[in-house]
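Below are two complexes that have chain A in common, paired first with chain B and then with chain C.
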Partner chain A sequence: MSGTTPWISWTILAPLAGATLSVLVARRAVPIAVIASAATIVSVAATVGQVASAGAVSSAAGAWGAPLGITLRADGFGALMLATFGVVGPLVSLQAIGRRGGPRARRFLVLWLFAWASLNALALSADVFNLYVTVELVTLAAVGLIVVERDRRALAAGLRYLLLSLVGSLFYLMGVALLYAATATLDTELLGERVTPEPASWTALALMTAGLCLKAGLCPLHAWVPPAYTSAPPAVSALLSGLIGKAPYVVLVRLWVEVFPGSLGGGAARLLGALGALGIFWGSLLALRARRLKRVLAYSSVAHVGYLFLFFPLGTAGAWAGAAYVAVSHAAASASMFMAVEVVERSVGHDMLDATKGVAHRRPLTFVALGLAGMSLMGLPPSGGFVAKWLLARAALERGEWWWAAVVIAGGLLSAGYVFPILRGAFAPQRRSPELRRAPRHAELVSLSLAVVALALGLIPLRLMALLKLAGRS
Partner chain B sequence: MSLVDWTLDGVLAALLPLIAWGVVTAASLDKAIMLFIVLGFVSALAWARLDAIDVALVEAAVGSGLTGALLLSALPAIQPRLRRPSSLARRAGVGALLAGITIWLGVTTLRLPARSGGLAELVCENIEQSGALHPITAVLLDFRGYDTLIEVAVLLVASLAVRAVQRPRLRPGRRGEPTSEPLASFLNLLVPASIVIAGFLVWEGSHAPGGAFQAGSILAGCGVSLQLTGERPALRMTLRVRAALVLGLAVFVALAGAPLLRGHDLLDYPRPWAGPLVFALELALTVSIAVILVTFFPGAPDRPEPPARAADSP
Partner chain C sequence: MTLETTLPLWVLLTSLIPGVLLFFLPERRHGVRTTINISAACAKLALTAVMVRGVYAGRRYETRIPFLADVDILLRADPFALLFVTLSAALWLATTAYAVGYLEGSPHRSRFFGFFSLCVASTMGIALAGNLLTFFVFYEMLTITTYPLVVHRGTIEALRAGDVYLRYTIGGGAVFLAGVVLIYSLLGPLDFVERGALPLAAREHRVALVVAFVLLVGGLAVKAALFPLHRWLPEAMVAPAPVSALLHAVAVVKAGAFGITRVVYDVYGVRLAHELGVMRPLAILAAFTIVYGSVQALTQRDLKRRLAYSTVSQISYIVLGVAIFGTLSTIGGIVHLVHQGLMKVTLFFCAGNLAEELGIHEVSALRGVGRRMPLTMGAFTVGALGMIGVPPVAGWITKWYLGLGAFTAGEPWVVAVLGASALLNAAYFLPLVYDAWFAAPASVWRAPSGRAEVNLWLLVPTLTTAALSLAVGVFAGFDFSPLGWAKLIARREFAE
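For the complex of A and B:
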């Protein structure tokens, strides 16, 4: 690491230290979380700055280096994910900080810091076994977050997520064992050089992909998604849908792009793309039929996981930029929508579709947030969602595979079908405006800021693109 | 291999699938759990026969012992709510799918080229520079110490998540009935013996099979026995307990961060000190792993209580 400040390592150690300390000094969990978050944000910003100015940064844990040790590497993709986690996550966690203590808020903050450390570690890991360990930490922190309010339904949903997720992990781990047996290394770069087309390596790819698809909630393996996203507290759903749901996808991309680049665009990749398309249609249709706001958003997340998988059959740099942009813009937009639902639910007492009635007048900030984030989910210009879908559709047409572009456009239309009723309801005239309960002000502001981020992503795409190009692989 | 070796391995190889079949088809849950514990024990023997002593120790302590105890202590809570098994067709379908995957994996594994011992050679070449003389400890706490750092965080998070869902009435300092005489005298032997064994395993870990995970799980087993027999109340989250919970991770994070301040890579122990630092880390991890594993247990099982005590429980 000669000479430069090791910010890359601090992005993992700072939240981890904060989490450890706040378990010990539980009463001071909130100030500790604030300090740890600030330190993490500084480290993330500095790492992203280093990558943007000088290209990929790496660090060898224990100074051993591959293949004996583990390498941390921040390339363009890693930096982009770090930035996403570092903007969306702390904003969502503000709602717990805003609640000022209380055992639930403190538990939330501790688990969020662990989740953040593991997400950063996952984005930076260049070792397939270490990726497994980080995925496990992400999963367990997510389970802890789902059950954070000790709600019975959330407990069942959390357990279901845990069990399915563990099955996914075991499949991934079996793949790691096969790869190690065949190549005697776990480092992604070395694996990319050493993997040969033999039964062991494609078996490994199949096992690892299947496990990660289950964890990512790719249709038809999405059974755990709706119960988890709807029974967890909205702030947790925001983190799950926006950030934690992206983690298995990040690992999957590393696997396909760095270890098995030859498989991109092949038959197995087309199968993943087809499942993605299925997810877009099935998720959107279920979202259209859903009667509760949280359910709409949960199924919308299933659909958006589908977009991410359209990268595999296309496999070009353009498709790659599109998929990465879907990940980033959906993180902001979905988190914003969930936080807005939190405000609506607290004000009205439920989250049925008609709960938004009159929100435009009574909660204008939330209404603006719903509108802006909804634009991004639908893919209307000038939002981040628009840029993402446009990039994907263009990449499909460039390869002459128009059917993928058709899927993207149809998905956009369907999403308009489930976002509009939410916004229309907000305008609906109210004969007698019911007494609204007090809603958390900071949740409104968080939702609005996230929506602005989702919108801004549509206005500054070029700078982020430049960052992604540094990955410059596919 | 001598005849004795062949017989021993043959018996183990025949027993494992038989016991596994017994676990799946057992008529009742408690039988299945008993067989599961036996399965763990026999596979520990199999690992020992394969010269994987570290794996054998963990399998015996965690896979068989603690997991078995956890299943048994959960049994009263799940038994009455157990649903009837799903239809034969469905079970046959799942079974066929799993059998297919297993056969496929078996064939793939057998067809692997027998060329590599993985990184074993590289580990042995570098072991002098690492903080331990036993290759497995060197991999766990030095070469791939960063993995273990995150795994310790996994354990701590699991403990926090379990605590979040434990029913409060089972948690704070409850005690069961007074221990019976034979049980008490058994505990009198068990507790000091397991403390000595755990200490021995930590010490051995630096140059022979053993180490923090094995020692920690044996200590945890001792704690769990005390708790399940009602000899000691379930752990309360006092400052001391919380300190023991986070000690391992805190030391690990400090060891990871300190080199960064001096401009080195994370977890890059200063080499002359690597041995003592790794040993200190092992000690801290042993304590934390033991306490974390104990927190997975819900405390003394429910027993009918005199009304006076029931009234003041929340």
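For the complex of A and C:
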């Protein structure tokens, strides 16, 4: 099998090679990054295509079989995440390529390629230890990205993120050790067969879940999120909030769906759901009070992490589709919003809420991007966010648990409360019209393209749904 | 890809495509913009005419686009959809022409007409929606695309009105969505069907059905401006006159009333709705809103505010007609969708003419204005008489059918409500009309700048809609009149 499907390995090798080469040949960093990105996109597309036509594909790295070697496996969920990373990430990284290779842009590109390789590896990993390694690699890349501008606030936020993340990893690793002691395997499929309901496995699940929740920024463990997202450059925040923040969740889903499927819908799952609901309300309320655009978006990300966790108490295929759709559409919409904030910040010089005043007329593309991406965050149709909320609410009502549906709909209302003030500024009269500074044109276009992706997700959801169904695990 | 499967989509696209194009048009290309606008409106009207003829001959037009596993986006031209499509398409043409004149020389016209077209596209989607999900998608699009029009002037008052508008409509949308999801999760996807889409088996979920009905109608009641969810409408009158016309006649409040009608007749079915016992409270609420709106209108000094409260009252005629069981009241309610639209758009055009030409905003400033602007005031008089219910203007037909229907259904109290409302309407319209024609002018008006009393772009649409309000009353007996068409719809809803 490994001989016929080399693409799956190249989704990791290509960005990794790109990262390494652009460190070595620093002068040619940008062209190398472009070539590596193109190669990665091709392999991602090929892998997703294979999954779509043939179902799950796998490949054993180094031709070592399952319990011993490293197996890469792309199922529907993995392919969906691959595709998300492969569309949103390169678009965001375009803004660095557009800056023609200053040292900062170079650092950004290297770190992004490294993060991309780790993210792809994470989406394709099929054993709990590899998942641990990849999630660690993603964290390291993320810390590097946060401090890419080397300013003091970012350094503090990056360190905080690193420390908390390590605590989370420690918890996770303890869980892995417990599982290995009890079952003598790390492969998720084998674990699923061997795990027995006994205190050791419950402790393992609890430890691993707690660690991942901390990494994912689930309320009330979200304290590290706002400083990290607000002190990093907007393009980095776009990657953090859109893609990297989803990585721990992917691991969590694998853990619950493949290793502990019996726990879905149970008491512990309901606790996760309740924390998710808490996150939706608390994050939205803080976003409503925030006065800076980046802060609004950071808290909005906290709220959206909450939606992801509504899957656990419901545990149905519909809820899973909904949560996956939240992940995908939020990735596009949030990244688009952060890139638009980049344009606003550079044009006006700050990112206070009223910074959008006047931007609408002078930077119409950015305004359209804010509007479209904002619609997706609010869950208004037609947008990916609407499809996601529709699926979640319907899944909740089909199980007769109307309160989760109420949370979803109330969350949408709250998000309208913090998104519209951003758009409203655009229609406000301008008391004075200060000269806008030059803003990067490509950042505008990146933001708009991502917003269009978020919109398109709401127009053609069937294709992606079909991909998700292939996994057929839940 | 036959005409039958693509025509509804094209009716939508004839305003969606121009809407998107207009955003990219440089601000100063006024000629091109007007050409795009008017030709798109005419194209839509022509397509609508084709569909009206086809549906009358028994053809079906349906565009179905798969959306989610078991849910489709469905656009379908049934007779009720076409009633709304025709009204909106015709009034869009009139309002677009009016807006061209009204906004002459003001900034941000590309943005304005862009959103204006998107608004109408959303309205077409609402009218042609073949199931609740499709309806919801366009219902929310309408909210989003009207907001920039409400705040178009960018003043503090406009922004505040915009906030009120959003708070109400987004909230209403969320409640409506809850109802839609509830119905889908109970019974799976349902397309609208005449006499009700709910299967017989649905009756066992009695409580859930009542809850869903309250959520659906509660959400729609915001746009339909039913008491106590009406407050956004008078606030929104700070918007430019063509936008008021859009809110009050072409699109927004109509979308609410149309939606309520759809839910009652084509989702629940009128019999089931009455069985569930939800129609009587709705009728009482509508009756109260009718009287309440009229009383409020009486106390308003600002002309547009008075008209806005009059809309609050008039839209509830539609809801009342829907809520009373029987063919006759149904006809009355449905036909008022068109009648109220024509008359109210006329009145708002007149208010716009007065404000634009003479700077008149207060009711008291109307004294003697009939001498300076006889055509405008003539149109205003037609509209006002229609609202009161004086034959042969369209309004009386509505009241006649509503009253007759109420008697037949054994609800004579409704006739008292109609009578009271007619009196109140007379009380807030007639003094105004009398003053305009017979009182001595309060000030010296400046002479008209052109040959007509006001810019022709403003005058012609005003006179056209006034004439139409008269014509649909006079020629009500024809099959293709709104009344004839409403009879066709009611017959199909009540057929055994």
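What we mean here is this: the second predicted complex is superposed on the first by the 470 of 474 C-alpha atoms of A that agree within 3 Å, B and C clash if a C-alpha of one lies under 4 Å from a C-alpha of the other, contacts with A are read in each partner's own complex, and residues count from 1 in each chain.
We take it that contacts are C-beta pairs under 8 Å (C-beta built on N, C-alpha and C of every residue); 3 or more make two chains touch, one makes a residue touch a chain.
Everything numeric here is computed off the predicted structure, so don't read it as measured data.
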| item | value |
| --- | --- |
| Contacts of A:P6 with chain B and chain C, given as first, second, both or neither | first |
| Which of chain B and chain C A:M465 touches, first, second, both or neither | second |
| Partner chain(s) touched by A:Y180 [first = chain B, second = chain C, both, neither] | first |
| Touched partner set for A:E398, first chain B, second chain C, both or neither | second |
| Greater residue coverage of chain A in the superposed arrangement, chain B or chain C | B |
| Partner chain(s) touched by A:I70 [first = chain B, second = chain C, both, neither] | first |
| Touching partner for A:G245 - first (chain B), second (chain C), both, neither | neither |
| Touching partner for A:P382 - first (chain B), second (chain C), both, neither | second |
| Touching partner for A:G412 - first (chain B), second (chain C), both, neither | second |
| Touched partner set for A:F420, first chain B, second chain C, both or neither | second |
| Footprint overlap on chain A, comparing chain B with chain C | none |
| Complex contacts: residues of chain A adjacent to chain C | 361, 364, 368, 375, 380-382, 386-387, 390-391, 393-394, 397-398, 402, 405-406, 409-410, 412-413, 416, 420, 424, 427-429, 461-462, 465 |
| Residue numbers on chain C that touch chain A, as the complex places them | 23, 66-69, 108, 133, 136-137, 140-141, 143-144, 148, 151-152, 154-156, 158-159, 162-163, 166, 170-171, 173-174, 177-178, 181-182, 184-186 |
| Touching residues (chain side chain B, partner chain A) in the complex | 104-105, 107-109, 111-113, 116-119, 122-123, 126, 142-147, 150-151, 153-154, 156-158, 160-161, 164-165, 239, 242-243, 245-246, 249-250, 253, 256-257, 260, 263-269 |
| Touching residues (chain side chain A, partner chain B) in the complex | 1, 6, 9-10, 13, 16-17, 19-21, 23-24, 26, 59-64, 67-70, 107, 110-111, 114, 117-118, 121, 129-130, 133-134, 136-137, 140-141, 143-144, 147-148, 150, 155, 158, 174, 178, 180-185, 199-200, 203 |
